[in-house]
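These notes open a run of structures that come right after.
Shared between the two complexes below is chain A, which has chain B as its partner in the first and chain C in the second.
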Partner chain A sequence: MMAPGRLSTFLRSGAIWAFIALELAFFSIAGQFLSASDTAFLTWDSLLLLLKQSAPLGIIAMGMTLVMVNGNIDLSVGAIFALAAVILLDSMTWPFMAAMGDWSLPLAWVFALLVGVALGAVNGFLVWKTGVDAFIVTLGAMLGFRGLVFMYNGEQPTSHLNWTLVDFAEAQFLGLHTATWFLLLVTVGMWWLMNRTVHGRNAYAIGDNREAAVNAGIRVGPHMMINFMIIGFLAALSAVVFYSETGSVNPNDGMLYELWIITAVVLGGTKLTGGSGSIVSTLGGVLAIQILRRGLNHIGADTSTVNLVIGLILIAVLFLDRQLNVKGKEALRI
Partner chain B sequence: MSEAAQERPARGAGGLTGAKVGTFLAKQGILIAFILFMVGFTLANDRFLDPDNILGVIRSSAILGVMALGVTFVVISGNLDLSVGSLMSFSTIVVLDLHDTLGPALAIPAMFGLTLAIGAVIGFLVGYLRLNSLIVTLGMLSAIHGLTLTWSGGQNMDIADKEGTWFSVFGQGTALGIPVPILMFALLAAVLGIVLAKTPFGRKVYAVGGNGTAATFSGIRRARTVFTCYLISAFCVATAGLIQASRSMGSQNTVGQGMELEVLAAVILGGASLMGGSGTIFKTVIGVLILGFIQNGLLLIGLQFYVQFVVTWIIIILAVWLDIAAKRGRLLSPIA
Partner chain C sequence: MTKPALRLENIVKTFPGVRALDGVSFEVLPGEVHALMGENGAGKSTLMKVLGGIHQPNEGRILVGEEPVVMTNPLEAKAKGIVFIHQELSLAEELTVAENIYLGELPRKSFGRVDWAKLHAQTNEILKKLKVGFDARTTVGSLSIANQQMVEIARALTVDAKAVIFDEPTASLTDAEKVVLFEVIEDLRNDGVGIIYISHRMEEIFKITDRISVLRDGQYRGTLVTAETTEDEVTQLMIGRSLDLSRNHEHAELGDVALEVRGLSCGDLYRDISFEIRRGEVVGFYGLVGAGRTEIAETLFGLRAPSAGQILLDGQEVHLHSPADAIERGISLVPEDRKGQGLVLGMNCRDNMTLPQVGDLTAGPFVSDGAEVAIFDQYRDKLDIRTPGWRQLVGNLSGGNQQKIVIGKWLSMHPTLLIVDEPTRGIDVGSKSEIHKLIRQLASQGYAVMVISSEMPEVLHVSDRIVAMYHGELIRTFTSDEVTEDSLIQAISGIRAEGGGKAA
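Up next, the complex of A and B:
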């Protein structure tokens, strides 16, 4: 995309993977001296687990990349995540569903995913028709959807453990966990959508210069709405994959997810101003954060350090990115 | 942002024509909605207008309100502050911890100093380095939370001797029959309202937020203005932390978690544009009170606390939508 300089583009797209390599090297070496346990940081099993644990945030982050490339943002994904989980677990106990036995499982998934798409559609429709900034619309929705979660089942956790579902979620195919497969599937699918379809091209065009996109005859509104439906779908997908295994959701689950996800997406180099960003780099951003969490944990640092380090890295990345793109857009606004 | 700049100086014209009534309604929509809500809740439950209830609502809104005052400055200058919730947890924990080691008289200024120092860091990053405020404050949200956890060691913080200290006065005391948190909120609102509306600095904040480039060309030091806005925000957060600490005399590490978005909701409800350049302290106070009274009114008519989330969602979108619609002269957006 319209790179001002080849070098800076290369540095930007490669930086996140270099950072991951640095993290892995650092934690492997530091782990030798600092870790309480004797196990090495980089074992095959821990790598598989790392991928699995990246899945819930990673799946949503793919949608966030699309929405941010399109020039919008979605702060309501954590609440959509929770509501989809509640629907998934609760719908399995509905009488007609219970009567269907294990055949109800795919149907429960479909219900949860539909809820995600519907909530995304509400956001997208409001952004399209009212012209209110996506930040405000989804900020409101973050509260509103969370309210719906509470109204559905009060302050009680919603629980329903189905062993068939648990077996499915814990299964390993070719070594990779189910959740990892979903993450990879979503990554490939979203990469295809953004790089090989008209819709993806248009999403970049709208984010880069909305006026020009309108003049080129692109219908901005429907594109934005579809993108919000996609991120809603992915937030719900993330929830069904995760809660199929755990079988219990608290009404506060998924809170602050949006902040972690935006952090991962920005680490991957996607611009808040829209028009630039890549799915593969977002995958890098998600993995980088997950490695950092696990790595700091491995060398005995507690949660506080993880928060501190991630916050500082985010700001450092923003600073470096700015330095590499001095000639870029002047006004960085939301 | 250009509409916002045009919209401001239109105040104070005399004469009542139909068009002017329309503009008045559009501009004061939030105030009208507020009055309608008050009337509705009063009809629904006669305890609502009870002076004790009203004072109670304002007192419990004071913490959110004080923070919203500072964020109003940041938002008008065209930036965001998502770190206020996290920073409030920090100042609460710090002042509670220092209370037992330094004593209240030293703990309070020390806490203000530390909070302002963090505010200065954010102001430096956004103002002087001109980094995107959303991401900087998102990063600071996480980093400050880490600092708070490090400070407290992950433990809850409590004042050991709760009876033998005057520290509780800020959160629990009353003066002239009015709870101190309300007085602090009112005083701060009055001072900051005057600063924003009547001083050269206030005009600079509007100018920087309305059109930063134009402001720079007309000799306004943009970086310094933004920096000061973050200092004001940090000062407000420290005050909120003081009230919170003094009210509860003990606290978890996560006391302010999620408040950044509630604060932002109140500011937006008050009609400040996220693009910068518009908004007033008075409207923010109204926004805060609306949130507080809706919450209270819904509880009084027997609804659960979480219903307010849904109501807030609807109100925020309606408020901003109508505001925009009035400015562009049509209800639906022209987006194809």
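Up next, the complex of A and C:
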């Protein structure tokens, strides 16, 4: 395990869970008086639903944590999400695929995931070879990939409902929905990647001090390209899980996903400048946002209020974090 | 007796666990150039931060003239007449000289408009006093470093300065530029300003200062009158004992040639460099900043492609395209800027030490904690690294221990050639001699070591042979038995040995 300054790590990783507890308590109590519905806020079913609804953003947020710890950012995940969804649904209507019956399903998944990896590779390759900042590269990619989505089917939604797939997506195993399982598997997998593998160690080193990482013989370019491929894969995986159930994608789907995801990752304590961040805390950040959205709905707030509150909380959290960090540093500045 | 321009009385500043300043008192008279000296960590920078209003002292007073002052930020310090010329320039490069000088206090007309005519007139008046060759409308970014420093000085002259503090002002200046700077300092002195001059360069100190005050371990150690003292006396005061920097005469048993460089060139940075380093040998590279030594090291480590020439390792020609290539072939670099280039400060000691080889310390696809800790323990003991444990963040260690982590990082990979660039920069005296000892030990264990240093005593102390460089050229190679300080200084000033031949 990375063990940078144990107390501050504890505060960082612990704070988000304390915040979640606070949210739950607040909405449970406020819900008694303000609720638009008669049901309680915290029930087993609503909890399961909460987890399921966290999955699309959560799966991508795990990849974003890796990319941001690395000192980069990926703004194109929403567009990759949409394009992968289009490929998933459209590919099932291709003649040779249709002829295969349900056997085309795994193939459609593979197509969609490959598209995600390929788009991520494009991002990573450009960041590596051009040296242009990842923010700019993926900003361009965000617009460009979205353009591809519109070129594919115009303004029309792409639809294809396959009932076998819907059954799979709606299934519950040990009580948890399929999407929740994918979120958990991705979380565990990414935790291992970041904390137990060489690749993960290098990701932290590069994000913290890129020059020292180069001098330690780490090949930074290929490393970053792999990270963009991983987040591309996860964006596609998120699409695959989500659209297997709904069966219809609008060309505007996934817009602003990147901002929600970055919000969740930052709430989880990952530094924008890289070098520090945790997968588990990102999961906390994702859940915190999802609870906030549901909770505000529960007490009758509309969407605009929800956005306003989340925006304020984000800024407040970062302000607090900065205060704490500045205090810690003063003592060292001899 | 004249009244002091600036006077410090018994200044104490503590940080958690550290007494950074412990009762420091000294005074600067008007029209005096007063040197402030001390090793790194002696408290000079803390003292300057106290004077600049960045830190507040826990005890003691600061007097400007006869008036005690309390400053809580740099602007207040400036308002009291205490002005800094920093080593690192803080100028807005896209703005003009005039805008920089009056940044934050531009003269105004009605409706908040800038009074450009007045601004430029005032600025040109100051620039005339400094006798510089540019005018108020010049963009700062287009000026040389020396001229940018003049802009900083001009900025200091906009206020009624009582004391001007120069912090390593000559660090990036050429000899000609230094002459101009010294003239400006002389003019300031004649105007009755008190000047504090911080520098490590004895030569300058003895040339331009009137008195020298010395700090050690946060304490004031005394003031010497420059004209009545010697470099030795100052050094003694600075380090508290005489540092063992005798000439190295103990040569380890030499093995095969580990590294051979033939006719290596890299554009204008260095030309036609040839040398060899044998196993068991320490070769010191000495020269002025910009002589091309670090650039050669970067080429050997795969960071900088050569334009011509060959590199042979153990007799085999190698082409190094990246540090990863170099490391694979057994070349390691302990870089000049430890914190910026050598360490990941947010990582713990163990992870830093195993960073280049963590890919080999795996069990299945995962990093093996046990193997990593074993390596760390082994080199902690071998190099006597003082840390509470491997979980300690490297950023919290002292300079000497940090350097040992970097050295341990490479030793644990058993390199053929170890390149050490400025091995003791920013390291306190005690650790210095430990690092020196370590370098000699490595040679006796059969490593080939290349040491780049700008400190002559250090080069003389650790090297078996010394390569002198000047402006990208290898002037001469000395053995440690034949070298003299004079001949070395001549060589790095570009004067070739009798006969004019280039020794390889």
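As a convention for this text, the second predicted complex is superposed on the first by the 319 of 334 C-alpha atoms of A that agree within 3 Å, B and C clash if a C-alpha of one lies under 4 Å from a C-alpha of the other, contacts with A are read in each partner's own complex, and residues count from 1 in each chain.
Criterion: contacts are C-beta pairs under 8 Å (C-beta built on N, C-alpha and C of every residue); 3 or more make two chains touch, one makes a residue touch a chain.
Nothing here was measured: the structure is a model prediction, and the numbers come from that model.
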Which superposed partner A:198 touches (first chain B, second chain C, both, neither): second
Which of chain B and chain C A:214 touches, first, second, both or neither: both
Dominant contact partner of chain A by residue count, chain C or chain B: B
Contacts on chain A seen with chain B and repeated with chain C across the two complexes: 214, 219, 331-332, 334
Touch list for chain A against partner chain B, complex: 75, 126, 128-133, 135-137, 139-148, 150-151, 154, 214, 219-221, 224, 255-256, 259, 262-263, 266, 272, 302-315, 318-319, 322, 330-334
Chain C to chain A touching residues, read off their complex: 15-16, 18, 20, 46, 301, 303, 322-324, 326-328, 333, 335, 340-348, 351, 355-356, 358-359, 362, 365-367, 391, 393, 395-396, 409
Interfacial residue positions of chain A with respect to chain C in the complex: 2-6, 192, 196-198, 201-202, 204-205, 208-209, 211-219, 275-276, 331-332, 334
Residues of chain B defined as touching chain A within the complex: 78, 80, 82, 125, 129-132, 134-136, 138-150, 154, 212-213, 257-258, 261, 264-265, 268, 274-275, 304, 306-314, 316-317, 320-321, 324-325, 328, 332-336
